[in-house]
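Next come two complexes built around chain A: one with chain B, the other with chain C.
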Partner chain A sequence: MTASEILKMMPLIIVLATPLITMLIIALHRNHLTTMIVSVIGLVLAIIAIPYSKALDLTKIGELLIIDNYALFYFLLIFTATIAIIIPSYPYLEMRFKGNREEYYLLILTATLGSSVLAASTHFVSFFLGLEILSVSLYALISYLRQTNEGIEAGLKYLILAAVSSAFLVFGMALIYSQTGKMEFNALMQFFSNSSKLNLISIVGLVLMIVGFGFKLAVVPFHTWSPDVYEGAPAPVSAFIASVSKGGILALLFRFFSQYDVLNSKPLFLIFALLAVFSMFGGNFLALLQTNVKRLLAYSSIAHFGYILVAFLAGNNAQNFKGVEAATFYIVSYFITIIGAFIVVGIFSTREREAMSVSDYRGLYWRHPWLSVAFSAMLFSLAGIPLTAGFIGKYYVLASGIDNQLWTLVIILIVNSALGVYYYLRIVVEMFSQPEEAAETKHPSPSVGVMTGLILAVLTIALIWLGVYPTGVIGAIKISVMGL
Partner chain B sequence: MGLLSLVTFIPVFGALIVLLIPRQNEKAVKIVSAVITFIPFVLATYMWGQFNYTMSGINNEAQFQFVQHFKWIPAYNIEYFIGVDGLSFPMVWLTTLLSFLAIIASWNINKAVKGYFALFLLLETGMLGVFVSLDFFLFYIFWEVMLLPMYFLIGIWGGPRREYAAIKFFLYTLLGSVLMLIVMLALYFNVKDPVTGGHTFNMLLMMDQSNHSGWLLGVDVRLWLYILLFIGFAIKVPIFPFHTWLPDAHVEAPTAISVILAGILLKMGTYGLFRLSYPIFPDVAVKTAYMLAVLGVINILYGAFVAMAQKDLKKMVAYSSVSHMGFVLLGMSTFTDAGMNGALFQMFSHGMITAMLFLLVGVIYDRAHHREIDGFGGLAVKMPIFAGVATLAFFAALGLPGMTGFIAEVMVFIGTFSVYRTLTILAVLGIIVTASYILWTVQRVFLGKLNPKYENISEISGRELFTLVPLGILVILFGIYPIPILNLFRASMTHLINLIP
Partner chain C sequence: MTGFYIALIFFVTGMFLVAVTLLFSRLLQTKKPSPDKYLTYECGELPQGGAWIRFNNRFYIIALIFIIFDVEIVFMFPWAVVYGKIGLLAFVEMFIFIVVLLVGLAYVWANGDLQWVKPRPKLEHLPKAKGK
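Right after this comes the complex of A and B.
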């Protein structure tokens, strides 16, 4: 490995080194705050390394990794999101967990590493390694609050289902490898694009891989684990699963199919279109009557990934990556909103329980006006109301769909956004309605730390900034998807 | 920054200022809000002085005034493109006036004062933005931006059933905007910018049929898009059968918000028909004109009869709005000079009259804490000034000669009589129903023996009078001498009629 290759990989190397250093520090001096600060510093350093890495010409690192602008864009997104999740985790753990809190950061950092490897991988081996680093870290993270039954239940559920889906994935890979003798994405896609060579085994392999993807992204009908896991996991970890973990997998999905014309391939198009339609309707209908905020966000996240799949269908290479562009923008806005929403949920948690029921939020405006305004902004963005990032994202997806005449999908998407508004609005209504006098004392009364408040403010401003003036980010995304 | 942008965005900057004022200082919040809403009114009045009556606007950028046009989101050819013509300027002026008066009328708000005034100012920017936008995307953004503050203003500061009313309002209007969104996107991808060759959201380019793609020129496609867009606007007007959100929203909304709702928001529906539906789909507009006229007459008669049956004073006024908006629809369905100008004049005139009526209902509700029409009686004895102003407003609403309502209705009838004779006769019958419910109401509330419960009711205050008198003066002034307003419309309306085949 040459020096410039090492330099190119610097962001990844820093994220790899940070958990190791953290581990040593824990061994020497166990302190919650120090661990948190070291993790944040590591991530900040990794972000600082990104522009230097971008300046280097070379992209391919051996067979396994490719650090192009696309990967770097996702690195930036993933690292920033992790910082935004780690900082509010500190008061959350202080309040809710009595055991060793330091290892939490270790696990988050390794999970981040896994997710960013996914964004940069071009090979089955790096893909599987990245995925397993991510999943194994998540098993432990989900049941980190081991005093709660829900935590253990969620961790176990995720363990079994993620392991099964990994098995599907790896079996699919093996079948494909047996037919092609290749594990490199581009070579594989050349094989699949040439229909004369296709046979049953390779197709079964591909389908098994899609099943694996489906599980990881929690799209209907592979979604059943997600509400339980979202509910049982600590709020910051739920945010992590919804954003960083799924983001890395999506980045890989886009890269995997980047040279394949999904839009004009009948069977694949049909499979993804059905996944998208089922996810949109399934997610929204299940969320409609949900009274638990965390489950509601889980179901709504299923629907959001349905929307993203519509954009994914609307184009990769053959369509100038318009669809991937739209999907990436959507992911950025979704990251901001879902992390913000879970931070609010985390803030309202008490020692005994998390603020999960919609009724916990009743009359929030009258007690914490700023907090409720931030939460409303997040919910409005999820609902796709103008002047928020969510609206531009949804518009972007719709536009890419209409551009490719996917009318059915587009109309289903619009109907679903209207459905979505209803349940997001329900939470907003609760927040702004008058609290009953008697119930006043029962409500958790949170204290917002300076740093958490700051993160929430930054997220809210970013949300509105993207909704009003998205041009800068759109430009960055355009550049990053160009080289796919 | 251009004058028009200033008018549009001063309120939202005001909202930020209001948010920075300490919470306890409620007086300062109110005064700042009043000053902030007064500035756009002054600027708009100044613009009226500068307004060139001969410039037509509608589909020609060079004919618009106070234009600002630059790129906003180039990736999607979205532009910041605003300007006014004879169609939008009267609405802009009316919006600035009513917003100022509504702020004064909100003086007795005492719950979460900061939030109320900040949202109100945001709402004003949204309303003004809708009227000045000439880019469909921008128009849509403002249209939606208006929704949220409205939702909160009803849902937090409203009456007992405010949450139900607010969510009903929100869901109805959201449905409308979703339909509008579909049409907007369909137009975007099928209208070509003749200069760049790309897609465009520019409304004026959408109005040029030669920019439409082959798909968009299909007869069925045009009809469907027109219907979707029409429903989007019909919910706002509201046109029967999409009107059911209106009485709930009005009854629960605080007084000032009812004023804005009836005075400005309802007009946006018909404004949208004038601004978008007619010029973009003129062929379909002609084909469906008779249906529109029928809907107008249904609105007039249905609204009037339902208003007569109401026991709640505010609900009565709300249904009278449904009835009066019917005249706008009837007038605009004729494509005649008198009919179209009459429709626009009715929008303007009803904006002032209905604002007065809601303010009056607010005054009485603040004193009696109920709105049962039968629960009053003989109030003229104790509140002679109030009764005088109220009678003026009620007479204006029933179209008494010498006031704006009369001019508008006569113009509409002149326009329609030659086109739809039967419908006009039915509509004229509506006037009789209107007169009867209004006179009956005046009689039950103000005349007769004084209800002993209101022995000590206090006379209308100076502040309340301050919100009513300017409107009263304008109603009479423009009722006797409507030329200044009609001059504003004329060039634009003539041009619009010429666009219709």
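Right after this comes the complex of A and C.
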């Protein structure tokens, strides 16, 4: 490994070193605030290293990793999102957890590392290692509040289902490897593009891998774990699963199929289209029935990944990456929104329980005008109402679908957006309606820390800024997607 | 004939040989049971009761710490094989690897998990016992 390769990998190396240093600091002096600050500093350093890494010319690091503009873009997204999750975690843990709080940050950092390795991997080995680093950290993170039964239940469910889905994935990889003798994505896609060489085993392998992807992304036939896990996990961890963990896997999915013309391959197109349609309808219809905000956000996340799959279908290399571009923008806006929404849920939690029921938010506007405005902005963006990032994202996805004449999918997407508006607005209506007198005393008003408030403000402003002036981000995404 | 068939033949032959050996010993052996023969073999020591007891969960921590160094050795074997070819770089990489594991050890040590008799942890997050 040469010096320039090490420099190129600097963002990853810093994210790897941060948990180690944090661990040593915990060993020397256990302090919650110090741990949080050190992990934020580590992530900020990693972000600072990204432009330097971008300036270097080489992209491929050995056979396992590729650090091109696309990977660096996702690094930036993942690291920023992790910072936005870590800072509100501090008051949340202070309030809700009395054991050792410091290890939470170690686990979040290793999970971030796993997710960013996924964004940079071009090989089955790095893919699987990244995925396992991510999942193993998540097992512990989900049940971090171990005095609660829901936390343990959610962690156990995730452990079993993630292990099963990993088994599907690995078996798929093994079958593909047995037929191709290769593990590099590009070589594999060349093999799959050449239909004369395809046989049953390699197709079964690919389908098993899609099952694995489906589990991790929680798209519809494989979604059953996600509402329970979102509900039982601490609110910041739910935000992490919804954003960073899924984002890394999506980045890998786009890279894996980047050279493959999914749009014009009948069976694969059908599989992904069905996943997208089921997720959109399933997620939205199930969300309609929910009175629990965290479960509602889980179902809405299922629907959103259905939308993203439409964009994924609408094009990679053969279509000039228009679809990947749209999907990446959608992910950026989704990251901002879902993290913001879960931060609000975290702020409203009390020592005993999280603010999960919709009725907890009743009359919020009269007690916390700014907080409810921020939360409304997040919900509007999830619903895709103009002037928010969610609208531009959805518009972009639709445009990429229309470009490729995917009329059925586009119409289903529009119908589903209309369905979604109902349950997002129900929470907004609840927030702005008059509180009952008795409720005033029932919900003690939460205190919002300065840093948490700042993060929430930044997220809200970013949301509206992206909704009004998305050109800058779109340009950055265009450049990053180009070299895929 | 591909590799898998060879493996299959190997497997079947292996099973057959084991079965034949067991069958022969069954036919030839004499049966003289005595209580001593039915004792659990514990490296020559006399067993001190059944194995199905509740045992101290501190052993789990010891086992976890053992894993750190167990895995380290697994990685060191292939490293040692290619060490001559790669040279200094391999040395540096293994050094980093061991340092990473040592950080884990330091963490465990500082948390007092290496001590058998630990100070009672502060269990403030558990509900207080009634009547106190």
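Heads up, the rule we're going with is that the second predicted complex is superposed on the first by the 483 of 484 C-alpha atoms of A that agree within 3 Å, B and C clash if a C-alpha of one lies under 4 Å from a C-alpha of the other, contacts with A are read in each partner's own complex, and residues count from 1 in each chain.
Definition applied: a residue touches a chain if its C-beta (ideal position, glycine included) is under 8 Å from a C-beta of that chain, and two chains touch if they have at least 3 such contacts.
Note that the structure is predicted; figures quoted are calculated from it, not measured.
Once the two complexes are overlaid on the shared chain, A:Gln147 sits against chain C while remaining clear of chain B.
Between chain B and chain C, B touches the greater number of residues of chain A. After overlaying the two complexes on the shared chain, residue contacts for A:Lys98 are found with chain C alone; chain B is out of touch. Of the two partner chains placed around the shared chain by superposition, chain C is the only one that A:Ala27 touches, whereas chain B remains out of contact. Of the two partner chains placed around the shared chain by superposition, neither chain B nor chain C is touched by A:Ile201.
In the superposed model, A:Val125 makes contact with neither chain B nor chain C. Interface residues of chain C facing chain A in the complex, by the touch rule stated above, are 89, 100, 103-104, 106-107, 109-111, 124-126.
The touching residues of chain A, when paired with chain B in their complex, are 365-366, 369, 380, 385-387, 391, 395, 398-399, 402-403, 410-411, 414, 417-418, 421-422, 425, 429, 432-433, 469-471, 474-475, 478. The residues of chain A lying in touch with chain C in their complex are 1, 20, 23-24, 26-28, 97-99, 147. Only residues 72-76, 112, 115, 140-141, 144-145, 147-148, 152, 155-156, 163, 166-167, 170-171, 174-175, 178, 181-182, 185-186, 188-189 of chain B touch chain A when the two sit together in their complex.
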